[in-house]
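Questions regarding the structure given below will be posed in turn.
So that you can tell them apart, the chains are marked A, B, C and D in the order they are listed, and the count of residues begins at 1 in each.
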Amino acid sequence: MSWQVKTMAERTGDLLPGSPWTAVLYVLLTILAVTAFVTLCGLVLIYAERKVSAHFQCRLGPMRVGWHGLLQTIADTIKLLLKEDIVPRDADALLHILAPVLSFAGMLLVMIALPMSPSIQVADMNIGVLYVTAVSGLGVLGILLGGWSSNNKWSLLGAMRAGAQIISYEVSATLALLVVVLFAGTLQLSGIVQSQETGWWIWRAHGCGIVAFSIFMIAGTAEINRTPFDLAEGESELTAGFHTEYSGLRFSFFFLSEFLNMFVLAAMASTLFLGGWMPLHVGHFTVFNGIMDLLPPGLWFTLKTSAVIFLIMWFRWTFPRLRVDQLMRLEWKILLPIGFVNLFVSAACVVTGFYFFAG
Amino acid sequence: MDAPNLIAAVQALQPDATVREKTDRPTLIVPAEGLVALATRLRDDPALKFELLEAHTAIDWIEEDRFELLYLLASIAHGHVLTLSVSVDRENPEVPTLCNVYPIAEWLERESYDLMGILYDDHPDLRRLFLEDDWVGFPLRKDYEDDFMLERPE
Amino acid sequence: MSVNVSTLQARISGESTASSPLSTEEYFVNMGPQHPSTHGVLRLVLRLDGETVRDVVPVLGYIHRGIEKMGEHGNYRQFVHLVDRMDYLAALSNNWAVTMVVEKAAKMETTDRIQAIRTLVCELQRIQSHQLWWGVFGMDLGGFTPFFYGLRDREQLCDIFEKTIGARLTMNYIQPGGVMYDIHPDFVKDVKTFLAYFKSKLPEYDTLMSENVIIQERLRGIGKLSAERALALGATGPVLRASGVAHDLRKSEPYGLYSQVDFDVPVGTTGDCWDRYWVRMEEMRQSIRIVEQLIDNIPEGKTFMVKPAAKIKVPAGVHYSHMETPRGVLGVVLVSDGKESPYRIHCRTPNFNNLWCIGEMATGGRIGDLVAMLSSIDLVIPDIDR
Amino acid sequence: MSDESIAAPEVLPPPEKHVGTGGAVTGAVPWIDKSGAIGGVFKGIRSLFSGMKVTVGYLMRPSTVITQQYPENRETLKLPDRFRAQLAFNHDDNGYHKCTMCRICEEACPNVSIIITGREKPAVSKKEIDSFVWRLDSCTFCNTCVIVCPFGVLRFDGTFESSVYDRRLLAYTLNDYAGPVASVLEKIEDPEARKAAMEKRDPYGAHTIIEALAERQRAKKAATHAAYAAAKAARIAKKEAAKAAAEAPAAEPAAEAKDVG
């Protein structure tokens, strides 16, 4: 079975010569769709986090607004929108206002490159992996600016921690990505997904895949500032870290981008290592693969992403936080060497064709 | 060491120490002047070895116009206890500090200064502990009064 | 000799100790009085060099209520309920400490039943207090889930106390001359159910926290306090025992029925945060042992020796008695002039002295370590401020 | 590394008397042995996974949820008998109480949360209660009033929902009626006479009594302050006199004699 990949950008291109106004309308619709998706995704993720954490902790979580608290997040959003938006007197007002937007924009830009199904992808760049890595680095700018402009020592500490942490872990995450790029032979995200038609990279590479996946998950969790790497927030140490001085809408931007970063991480992990929207295929067992193809690719993507998100939540509600020097040690002394060795081994595998269903 | 032996041993160190009556722990009244030297010896003497200053407090005997300072010492190694009682004048309540012998005294004495107004000579950091720096008066003194005090109605 | 009264401003405006030309600028930051990990209204003024703590100046008094002064205006029985508000997680121990000094001074008789009930409820409260500490410790280290598990198990004990005592936090149960009520008919059954339940949960505590590699990395070698320094700084309770001094008043000066039960005193070796953690975990197990030995052998007898309204007269003099609360030695100095109300009452509270150790421990550590140290001391702020 | 934690304490070994029945415990610390670099890493990772197993165990078993949904479970929520929520009067089946106005509870209350007023014109007996005012806003729920009452009039009951919009309503009048105690009332044969001896009391009508008390208290406080000031002045004067006397005798012994005289 071959997959017809058609992104929204391509469709716009198709429309452009014939009916340019339709193309413009299509672009606008796409923007609307992405915004709607981001909002909806944020709502669902926040609700899921609250429910999952509650049941990890023998609680019920939100139960009052709507059936089993389904509308709780919406109520919270309204509350956040109605709250007073405070910019501290001594803060750098422009940067203070700019920071959450930057943080949000970084996440939003990654969102357009994610292949969610053969037909749901905004733009399919041939340097997709590079683009994602580069653009997701924008988020740290928002955090740094937010912490610095708040003119609060706790915020500054949080921002500095975040800066050091995110930039360090970016190295390991990229090394892990490169493993998949090596195996797939392309930087294009849809190409990487299609390269997993005979199986996911997590198991096809004799362990290299699983090591790269582990590194990617650890480094990714650190990049999105979640426990056990939530030093930038560290509510028991820094009260709330970089967003101590934020309130109302601006706080919700930080909050939302934190949750959507989790989605982006999970989506990237599933795209690169778990086949993205590609159903579970094993080699050329056509019957098995055919049964798996019965589920639509979009659902596969959702399932895999949800599983990875659950894993990240599971980490958060089980582990305590690392200390700042231990965090750096973990990156530079453990993850990075392992990542390098893993990359070399993968390169050797690719060169010799020593992996499952090669060629 | 049981109480009579202990008192005898301490009185050998400080001959002018007298036994304070009406207490349930062995208690010696010692003059303020030799307090630091005595405490150092009590701590370092291997037979006594009072390594823990368990509590320190002051009592305002307003009728007798004096403060009584109690130093409750304990020896964990030997399992015996001793209380030192020092009387100071109410108008000029100055005593030497025990900070250099028992570091915890720095806090206990600050509390005592804060609430009772005892002045400790050579204390490295004598300031209010609980109350603000500009508080007037010493609340645990018997003649303390302020506008917030409530009396129980009859 | 000179008496020089200082202020906080003078204390924290000292010169920077950094001397190297490569050294960075130090800055002050207020940790508290509203901070998640000071567990109340404690304020620590930190002098920081980047993430490294150079100096800690605790500022107290945000919840000072003058319990000692209030005690001078009521009678002895009326003072008991005030000390509930000191170490509110161990209200029964506080009650008992005051009761003990009053009974000792006034030479009141008690029965074995009274002592057994007191010992039992205090040991149960030691478990309860340590459960909460365990949860909060996890939360301070960044793991939220232990907090809920700790509180969940604490709730079972709260229910037991609710039945017998009628209160969950401010007990006012142990009175001079006895205990306020006899134990509830369900008490023995409930306690046994709880013990069976909690013994199955303790291994879970270990799996989730004690054996977790992150916890061990965070605690090992952090906030070391040698035995000599711990004694010199007046530390007691688990903080002192973690430093290697087996000082436990339940063993050295047994009160209640502690002389009749068999239990061990857990002692640490290096006095770091891990030792303090482990000593408390082990104390929970020892408390279970004590409760198990007593629960089936509560002797019969009266539970209140005098009429509850009877006036207590304490002979004039200075009286002192101390006991081991979950956080250390709580001593009460009672000065009486023979009247109905105490002339002066002073409480030597464990947290007050234990907090003083933080300056010794924290210097040179990081902010994250400071949080772990504060939590490992198990602070209850009203106990410090009184 | 693991040896360190099991090593015996070097400083200040526990004195022998502590060893007594059980002795001090050291060692047995479940410390992860990280002696081998690779092995240590794996042990560390395994410890993380076992922790995750604990949490997911609770996620998988919804029966372990302990949350109580409070306002909905009012019917099933049973507080223990001794629970201290609101002070209440024990009225018997006829609606009579046993309070003789002995004021023991008022005296025992540590913070004047109980204020008892007597009837100015008792109907039957010598002393009859008018209002038994309990101030929830200052009560510390110490239970002392309940145990000191010789007649068992008071009890704490489990009515814990006591929020009101006006804090003056937090002072309750506990007795249903102003009048004599149950034993006296039962001696009265005529039901009409009984009714005449009793006067209904509104549970929320106590704030007038409290305001009057506060007024009295303010006046008394002023007097106390004046007394304090006078005592202080007298003490200072005494001290001055003593000082003067101490300085004087060398110069003028005669003056001292005059002072004493």
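List of remarks:
Operating definition for what follows: a contact is a pair of C-beta atoms (placed from the backbone, for glycine too) under 8 Å apart; a residue touches a chain by one contact, two chains touch by 3 or more.
Computed from a predicted structure; not experimentally measured.
When the C-beta contacts at B-C and at A-D are tallied, the pair with the greater total is B-C. Of all chains, the one whose Cα centroid sits at the greatest distance from that of subunit B is A. Closest to the protein's overall CA centre, chain by chain, comes C.
Inter-chain spacing, taken between the CA centroids of subunit B and subunit C, is 24 Å. Subunit A and subunit D have Cα centroids separated by 54 Å. Taking the mean of the C-alpha atoms as each chain's centre, subunit A and subunit B sit 63 Å apart. Inter-chain spacing, taken between the CA centroids of subunit A and subunit C, is 45 Å.
Touching of two or more other chains is recorded for residues 12, 15, 17, 48, 51, 54-55, 66 of subunit D. Shown for subunit A are the residues that touch two or more other chains, namely 56-59, 317-319. Counting partners per residue, subunit C has 145, 152, 208-209, 212, 214, 228, 231, 245, 247, 252 as the residues that reach two or more other chains. Contacting chain pairs (ordered by label): A-C, A-D, B-C, B-D, C-D. Within the complex formed with subunit D, the residues of subunit C that make contact are 74, 77-78, 80-82, 84, 145, 152, 155, 162-167, 170, 172, 175, 180-181, 184, 204, 206-214, 216, 226-228, 231, 243-248, 251-252, 261-270, 274, 278, 282, 286, 308-309. Taken in their complex, subunit D has these residues touching subunit C: 4-5, 7-12, 14-15, 17-18, 20-26, 29-32, 43-45, 47-48, 50-51, 53-55, 66, 79-80, 82-84, 104, 108, 110, 140-144, 147-148, 150, 156. Put simply, subunit A touches subunit D in their complex at residues 52, 55-60, 63, 314-315, 317-319, 334.
Considering their complex, residues 20-25, 27, 51-55, 57, 59-60, 70, 72, 76, 79, 83, 94, 96, 102-104, 106-108, 111, 113, 115, 119-123, 125-133, 139-140, 152 of subunit B touch subunit C.
Across the complex, subunit D meets subunit A through its residues 41, 48, 51-52, 54-56, 58-59, 62, 64-67, 69.
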